[in-house]
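Chain IDs A, B, C and D follow the sequence of writing; residue 1 opens each chain.
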Amino acid sequence: MVRLPRLFAGDAAAARLVPPGAHSGLTVSMLSAIMAFFAVLVLALALAAGRLADDWGGSLANSGTLQVFGVGEDVEIQARAALNVLRTTPGVQSVRMIGVEEQRALLEPWLGSEAAVDGLPLPLLIEVVTDPMRLNVDSLRLRLEGEAPEAVYDDHSGLRASLVLTAQRLKVFAYLCLALIVIALAAVLGLAAQAAVAANTQVIRTLRIVGARDRYIVNAFRRRFVMRALGGSALGAAFGLGLIGVLPQASEPGFFLIGIGPVGWNWAAPILVPPVAGIIAWTATGWAVRRRLVRQA
Amino acid sequence: MVRLPRLFAGDAAAARLVPPGAHSGLTVSMLSAIMAFFAVLVLALALAAGRLADDWGGSLANSGTLQVFGVGEDVEIQARAALNVLRTTPGVQSVRMIGVEEQRALLEPWLGSEAAVDGLPLPLLIEVVTDPMRLNVDSLRLRLEGEAPEAVYDDHSGLRASLVLTAQRLKVFAYLCLALIVIALAAVLGLAAQAAVAANTQVIRTLRIVGARDRYIVNAFRRRFVMRALGGSALGAAFGLGLIGVLPQASEPGFFLIGIGPVGWNWAAPILVPPVAGIIAWTATGWAVRRRLVRQA
Amino acid sequence: MIEFEDAAFRYGETDVLSRLNLRLTPGSFHFLIGPSGAGKTTFLRLCYKELAPTSGVVRFRGKTIGDQDRDAVADLRRAVGVVHQDCQFLDHITVGENIALPLQVSGLNVQERADDLASLLDWVSLNDRVDAYPPQLSGGERQRAAVARAVILSPDLILADEPTGNIDWDMALRILTLLVELNRMGKSVLIATHDLNLVRAAKSRVQARVLRIADGTIQPAAADL
Amino acid sequence: MIEFEDAAFRYGETDVLSRLNLRLTPGSFHFLIGPSGAGKTTFLRLCYKELAPTSGVVRFRGKTIGDQDRDAVADLRRAVGVVHQDCQFLDHITVGENIALPLQVSGLNVQERADDLASLLDWVSLNDRVDAYPPQLSGGERQRAAVARAVILSPDLILADEPTGNIDWDMALRILTLLVELNRMGKSVLIATHDLNLVRAAKSRVQARVLRIADGTIQPAAADL
């Protein structure tokens, strides 16, 4: 990267010696733009999936539910006993009573209209926020059995496992796609560089014949190629970010499936796409030109 | 398409007059492959989203739940009365009793372990399959009120709306992406064709000078270009299908989010991708070569 | 054959040719001489319509070239064989295929004419280079191949632009003989050259007329050279 | 300057040159003659290492060319000016920039040498074409531009391959004069040509030796031409 300043200034004169040739130029920009566009989309997907996995895994793993059955006074006594147990259990961070209204809202889809829920003898629900590293669920259950036999502790492990698995596999899938795109971009830029070099065999020959050194020729090709990869991928990345911007976000209702907008510092990640494309282009041109040069006197 | 047989056989000799030139060739195949790959993925996503919307919209819109409350004998009487009402309501197609086991399974996530559900006085649940076009929900409710006051009918409208909206917007989004990809492919192939033509100005000039007609020159370029677009996109589509094939399918547990594998005849849709690419390439070459020719004597 | 009526040509701002009034009759043999940069190549390009006159009219067999559609121009070119100064070949097909190119694009059967091709290659001493590619030829070999391609369709008019610039005298005479032979068969021949020795050599074999290009116009040269 | 020791060259299967034992001393003036396809261009390409001998050794200023690295070869080429038979230009930059190309790739300041460039262009009568692009030049103009590019770095050795093939006699003599002038300044000159008139014209001005290439080897020609 020592030569970067020279790339952007010093060798404009050398770069003029390589014909601007619509063919190689447009396709390099095009290819970079398309790949960058998809890279940004997939990157956003990966970030969103990661967030989803964290959310689901995190919030569910960090919480449990305590149900206290019974009628009238009994419930109060049992609940107080259970809360006592929780308070003295290492790993329990906070507890929250779930109100009747909230409980009804949870049940409605399965039981029908509000009226129907009314008649049900609902258990008392307590949401427990825990530190899963320190909490020993088995010992908690044993103690509850002794002190508040009507209280049942549920750590959500069943539901959690499948949701977290989904989100994590989605994340892995997205990063796999991203890796695929980067590899494809490298391959494509490598081929495009080779093509540009092949299309300009005569130019290279002429430059060699009048006494240009290899490094001079490499730089002459590199500048425009890198510029195009940078420009194209910046355009593609901008387009991708724009598309994500107009997409419905995770917070809107009804869009939990495609809320892939980046959040917070995540916006910065797609900005890395053009520099990566530039570095790939830089390497690809150097490789392609030198490969051609060694076959030429 | 009258000229298709000629494309595949007669003009191999003419096509030899255009240099195979690594530059245009590789990039056309490459571009077609990449675009076809993404087209297949997005197409599969669109099909899956469509199916999801149909499933959710369809099965939920076509069904309702009847809950009958009460204890002991009363339930039986009320249920029989409600069933009578349903049987004589236009638009009701079939009814099914939901067993206690199934009901419990539905409730478990919200109420905790099986033991907890045991004590609940569950209502009798009847799933009703309806023809939403013919069913008048209000009159059904009125009649039920008269004949079976303990029976409550729920047509799922609340839950349904948000799920269907999500799936449909996902579908629209996917088709939008698909349109974007097709437009991009057309633009890219158009540019690539122009580039190939520009790179071969000398070839065109020589052919014109020795007396080749425009059509002959167009065909000479077309053949290889179309072949490459077909080949590249077939490869890309195959790769895309392969990727979908190894993805976890909708039916596997824990994968409701990425079960985008095509189902039934849907498998056929991605096969359309290479022909579409071929037709685009055909048009693009013709356009690009003729455009160059009119500028040349 | 070809007729120029008040034809003129300019590249952008610079006049190259003007007031051309000229007629090449069928069966004639002409030389076109003039200093480098005078417009010889430009004149030939007007004859086969690679360039169109900026004013005036060029007629081929009585028909105004400018009025014809593109297919008619393609047909015209099959009736005109051109040896270009910078030999125009397709570098990715063999020399033999390049020479047969006019046959191929005219839809003629190349195989049937294999004998003609062979004897033509013999004449320009290229039969052992027929499977090489154009970049593998020496400068003189390329020029001879260009001559062969120009005459393979036995066109009615042969335009040769400096056809002997890169070849030795003996070979130049062989090519001259070939062109004279074709002229005797009734073809018209026009050779642009700066080599006055070639003009003198031709005058002893055929009734050749010499056109001199100077100051943007073309005049018959004085008899003495 | 350049020394060939048992050097031989073949393209694939076909021997072109063999048993070359030859020495060009600094300040000499040579012609290389021989029929078309004899190997003149091939010989020149061996001199500036566009080709490497398939056997034997070529030395430049006492150093074996084949042993040098690629940068050294680039430097060697700055000391050798070549006029190619098929003039090699970059078509997308102007004629002036093409002629100044050896200056540019050597890292020299083109602006500082503007005067040299102008007087050189004057000599080959190209000053009004300096802003044109190479495809806009006539055949002869291209050849003159190639000569200008070959001498702009005032190299120690000038190799000219058929430098007068496309130009009229007066201009050919001007170019010959330029090369003779450079030879008087101590540069070595080697001209490959098929034009014996040019050789005769040179003999009256400079002590030129003639090499004849035949049967794959190079011999001094008999004094008479």
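Note that a residue touches a chain if its C-beta (ideal position, glycine included) is under 8 Å from a C-beta of that chain, and two chains touch if they have at least 3 such contacts.
Note that this is a predicted model, so its numbers are computed, not measured.
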Handout entry: Mutual neighbours - chains that touch chain A and chain B alike
Key = none
Fill in the blank from the handout: At the largest C-alpha centroid distance from chain D we find chain B
Exercise for the section: Go ahead and note the Å separation of the Cα centroids belonging to chain A and chain D. Expected result: 62
Completion exercise
Cα centre of chain C to Cα centre of chain D, whole Å, reads 29
Problem - Rounded Å distance, chain A centre to chain C centre (Cα mean) - result: 67
Completion exercise
Full set of chain pairs in contact is A-B, A-D, B-C, C-D
Completion exercise
Listed in rising order, chain A residues that touch chain D in their complex are 13-14, 16-17, 19-20, 202-203, 205-214, 216, 293, 297
Problem - Complex interface listing, chain C residues touching chain D - result: 11, 34-37, 40-41, 85-86, 136, 138-141, 144, 161-162, 165-171, 194, 196-197
Problem - List of chain C residues in touch with chain B within their complex - result: 48-52, 70-71, 73-78, 82, 84, 88-93, 101-102, 104-106, 149, 153
Exercise for the section: Under the touch definition given earlier, write down the residues of chain B that touch chain A in their complex. Expected result: 21-24, 26-27, 30-31, 34-35, 38, 65, 67, 69, 106-107, 109-113, 115-116, 119-121, 123, 152, 154, 159, 162-163, 165-167, 169-170, 173, 184, 188, 191-192, 194-196, 198-199, 247-248, 253-258
